[in-house]
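Two complexes are shown next, each including subunit A; its partner changes from subunit B in the first to subunit C in the second.
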Partner chain A sequence: MHAAIVGIGHTEYSRDSGRSELKLACEAIGAAMRDAGLRPDEVDGIAKYTMDNNDPVEIARCPGLPRLRFFGGVPYGGGGGPAGTVLLAAMAVTTGQAQAVIAFRAMNERSGRGTPRFGQAWMTDRAEGPFSYLAPYGLFSPAQMVAMAARRHMHLYGTESRHFGEIARICRHHANLNPDAMMHGKPMTLEDHQASRMIADPLRLLDCCLETDGGAAVIVTTPEFARDLCQPPVHIAAAGMGGGAWNNRFMVKDAEAVHNETTVITEHLFQDAGITHDDIDVLFIYDHFTPMVLMALEDFRFCPRGEGKDFIGDGSRFRWPQGHLPMNTSGGNLSEGYMHGMQNIIEAVRQLRGTAPCQVQGAQHAFVSAGNAVPSSAMILRRDG
Partner chain B sequence: MSHAADFPYPVPEPGTEPFWEGCNAERLLMQRCNACRKLRWHPAPLCIWCQHEEHEWVPVSGRGRIHTWTVITHPVHPAAVDHVPYVVVEVALDEQSDLRMVSNLVDCDPVDIVMDAAVEVCFRRHASGQKLPVFRLVHRNT
Partner chain C sequence: MHAAIVGIGHTEYSRDSGRSELKLACEAIGAAMRDAGLRPDEVDGIAKYTMDNNDPVEIARCPGLPRLRFFGGVPYGGGGGPAGTVLLAAMAVTTGQAQAVIAFRAMNERSGRGTPRFGQAWMTDRAEGPFSYLAPYGLFSPAQMVAMAARRHMHLYGTESRHFGEIARICRHHANLNPDAMMHGKPMTLEDHQASRMIADPLRLLDCCLETDGGAAVIVTTPEFARDLCQPPVHIAAAGMGGGAWNNRFMVKDAEAVHNETTVITEHLFQDAGITHDDIDVLFIYDHFTPMVLMALEDFRFCPRGEGKDFIGDGSRFRWPQGHLPMNTSGGNLSEGYMHGMQNIIEAVRQLRGTAPCQVQGAQHAFVSAGNAVPSSAMILRRDG
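Up next is the complex of A and B:
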């Protein structure tokens, strides 16, 4: 891959933005272009992911991109898409199809102004395709589906709810150090987690990510073009997508499958980047639900399968500044804001620029994953030097 | 949240009608590959194990074990409001270790559910009229 992230931008993250999803997208993209020092006529590509209502033609009109040469998208999987959009953007600039490509997410997922709340708005009375084998039984929401895999993992490996709670607390710890995080100023104890109400046993409310209105965007270009821009480039050392034969069961993940969307990515990602897990300085594991973070750590081989509970431990390994492997350092989907993972990519770039609120000293490599239990994506980012 | 009569009703796809008609006759039918003889769930146009195109619909026992489950306490569909808590279960059917289907566990207290518990199929009539395969615990005297 011959590409780098050169611009980042986002709106505030809130429960009700009070404006349209298109406006949120344009604000985030405009901020990313200003951050990079790019004029609209220098940006010629857009990559989006599924479940975003903003069409490339609207984006092209509003920030005013007169020469759109590439538009692509990750067609399935919701939060499995963020690293995938950066991958598409990187492929486009690497192959010369475009010069600078936007990857973005914008939604009013909390207020429901445009996007239905993913965990709540199942008003349909018809169940079609694979959904016809799930929804008639009252299985609708991602939380309900993920709960089934979490239960199986607990049975197989002795994982407990408190391990999920420690993951929630890692993100909350960082959110309390990030003034822009939705949950800033709201500390969480393990007792708080254990006392939070059950949503779909064993998943509690505090095992679930936030719901958020907002917009977030990054811009990808070639290292050569990046030289004339405002920010130090953050290189895409490797990126990949992954899916498997069972992903059509939505988020009813098979906790024991040898191959899944995560392991498929892992097979080549570190080799492509030419590094090992020990080279990762700061970690971003997509945190839609705490048990999925634990399972992703295993499937990405940060620890062996079944040992996630010990790897999580009391969470200290992952907490900035003392931990050796700080994770989701701006608070993640769980506590910063649920921008479907794009906010984690932005924070990874901040870390590698040296401008993060919880700055990992000398961070050179960041690992960023997208949502698992659906077709997914991940990447390794690297700074110069 | 307004109330609705039932959860979404299934819309059969072309090629899957035998399954739904079987349910209405209170028989659980699944596709069995004519080449490798393996069963598959949910329905697929080719064998997911050997990609052979020919299959037949065969009855399965409807007996199996609980592979995993969740007790849903937070209603996210209007029809769920009057039904929480309810249990969604993934059942591993006795016929084949990798043959698992998602359904409901009915007529049970959630505290009685344990992993690998024996279950058997029964049928519930959905408000649409379609019968659905659901499961109940098998209480064996030991």
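Up next is the complex of A and C:
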């Protein structure tokens, strides 16, 4: 890829935004354009989560983009979405189809204001396609489906609920250092986690990500065009999408599959970026549910399969500032806000600019993954120098 | 772009397929893979019309693709869809994100079998977003919206219904030479056109495309990988998407706009391909409604704006074999089958391979446009030598 992120923007993250999803998207995009120093006539592409309710033409009309030369979408929500939309944008500018492309996510996911709440349609009475095979067994929600994968991992490898709890605590720790995080000012102990109510055994409330109203956007352009803009470019060193042979869209992850949505990406991502795992300074693992973070660390080969529990340990490895591999440093989906992973990309850019609340000194490479257990995406970002 | 179409496949086109949209998609994709000589493990990407009801994971499972490395979609139906999905596929292989990418469209649009009939949701009681401003005025269907743009063009430039009729006749002429066309064996005179019932004044029945059940697919790879496959590669010389400043999604086309979805593409497409309009040997203009074909010819600068009616004339310019610029040589959306434009891409490939029923001798360059009056796409295809 010959592309860099040059603008980031987001709204506040809340339980009720009080405004439309279109307004949230346009506020975030406007903030990203101002951050980059881009004029409307310089932006000519939009990459969206297919699932996002906003229409590219409506989005383009808000800042007054005079012409669109690229518009595309990536399915599978937080899986294909976050790194996938940035990848689409990068492909568009790398191939010269567009000059500067917006990637965004905006939703009133918590309040349901002006739109069906995310996921309602496919989880209940309107279950169709593959979901029609799950609904009769009571598998309606992502938490219920992930619970089965989590239980299988516990059975195979001895993983325990407390390991999931430590992942939640890592994110909450960082959220408490990030004034913009929804869970800022709300510390969590392992006891809090263990005492939180059961949602879908073994998943407790504090194993599940937030539900959030808000908007988040980044803008991608070429390194050449980036030179004239306001911010130091954050380069897309490598990016990939992945779907495995037995990858299902049910979020019932096959813990034993040799190839899955994550391993397909891992096969080439580090090689494409020309670095190894040891070069990663700050880590963003998509945290929809804590067990999925543990499995992602294994599948992305940060540790061998089955050893996630030991790799997590007491979480100190991942906690800023002492840990060697700080993870989800703004609080993640679990404790900053659930922007379907886009907020993790924004924080990764802040880290590589040197402007994060929990700044990793000298951070040069960030790894950002999207939601696993559905077709997924991931990327490695790099700063100059 | 560094990409070529190496496989084409489609089902029969009918009013009632008798099978699911998933089956139609997989039949077309299977045919395209056999045509190219591609094994499942060699195909690793899927580009879809966002509007298509089929899910990439389900699609991948049918031929047994072991891993997906690219999946994306393009919105706006026949506008962004046909050339846009091929462009996404081309971007993916050009940037090395995937090796061989499927672009497809499958729908039971006519029978509605197993799915809501295309367009029903946004045209009636569920009108939302921009459509909520149109529904109160009785603008529910594309034909109603296009009628307003057609009437405006008639007012401004003296265009008459008979010019629209000649466009319909060009497509019907070619359909009668193509045994696979739905309207094969059904000749049409200008009198037939003028006598056909009014749908939305000035649009008559024979100004409107077919409604069709079927599936159509193409496969895109790099020129290097194409060398080992069965068919001569058809290169994507240039491709583009476009949305104008005042481009609306209402299909109420602003006939006077300086920039619209079509002109945005025209600004760079021929230059990117390194050719001029005179180099085009065979023309595919998206024919959802005949007046839109006339306006597309103007906006793509095959003739000056307002002169479409004279350019169409008695249609002889566009009729195979005598015409110098044969158009929609398999019958188009109007008379072959309405695969949302994908069938025109397949016919363009046949022309450049030299295997079309109405074969243009020595055809080297084909121009293929997608639906205008919504955000659109177009491309120029080229054969070697």
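In the analysis below, the second predicted complex is superposed on the first by the 365 of 385 C-alpha atoms of A that agree within 3 Å, B and C clash if a C-alpha of one lies under 4 Å from a C-alpha of the other, contacts with A are read in each partner's own complex, and residues count from 1 in each chain.
The rule is simple: contacts are C-beta pairs under 8 Å (C-beta built on N, C-alpha and C of every residue); 3 or more make two chains touch, one makes a residue touch a chain.
Because the structure is predicted, anything quoted here is derived from the model rather than measured.
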**OP:** Go through the superposed model and pick first if A:Pro66 touches only subunit B, second if only subunit C, both, or neither.
**Re:** second
Original post:
Thinking of the overlay built on chain A, is A:Val264 touched by subunit B (first), by subunit C (second), by both, or by neither?
Top reply: second
**OP:** Answer with first, second, both or neither: which of subunit B and subunit C does A:Met198 touch in the superposed model?
**Re:** first
**OP:** Would you sort A:Gln97 into first (subunit B), second (subunit C), both or neither based on which partner it touches?
**Re:** second
**OP:** Report for A:Tyr133: first if it touches subunit B alone, second if subunit C alone, otherwise both or neither.
**Re:** first
Original post:
For A:Ser369, is the partner it touches subunit B (first), subunit C (second), both, or none of the two (neither)?
Top reply: neither
Original post:
A:Asn344 contacts which: subunit B (first), subunit C (second), both, neither?
Top reply: neither
Subject >> Shared contact residues on subunit A - subunit B and subunit C >> reply: 129-130, 245, 249
**OP:** Can you check the complex and tell me which residues of subunit A touch subunit B?
**Re:** 119-141, 143-144, 147-149, 151-152, 155, 197-203, 245, 249, 252, 255
**OP:** Provide the residue numbers of subunit B that touch subunit A in the complex, in ascending order.
**Re:** 4, 7-13, 42, 48, 67-74, 76-80, 83, 86, 88, 90, 101-104, 110, 115, 126, 130, 132, 134
Original post:
Which subunit C residues qualify as touching subunit A in the complex?
Top reply: 1, 50, 55-58, 60, 64-76, 80, 84, 87-88, 90-92, 94-95, 97, 129-130, 239-245, 247-249, 259, 264, 375
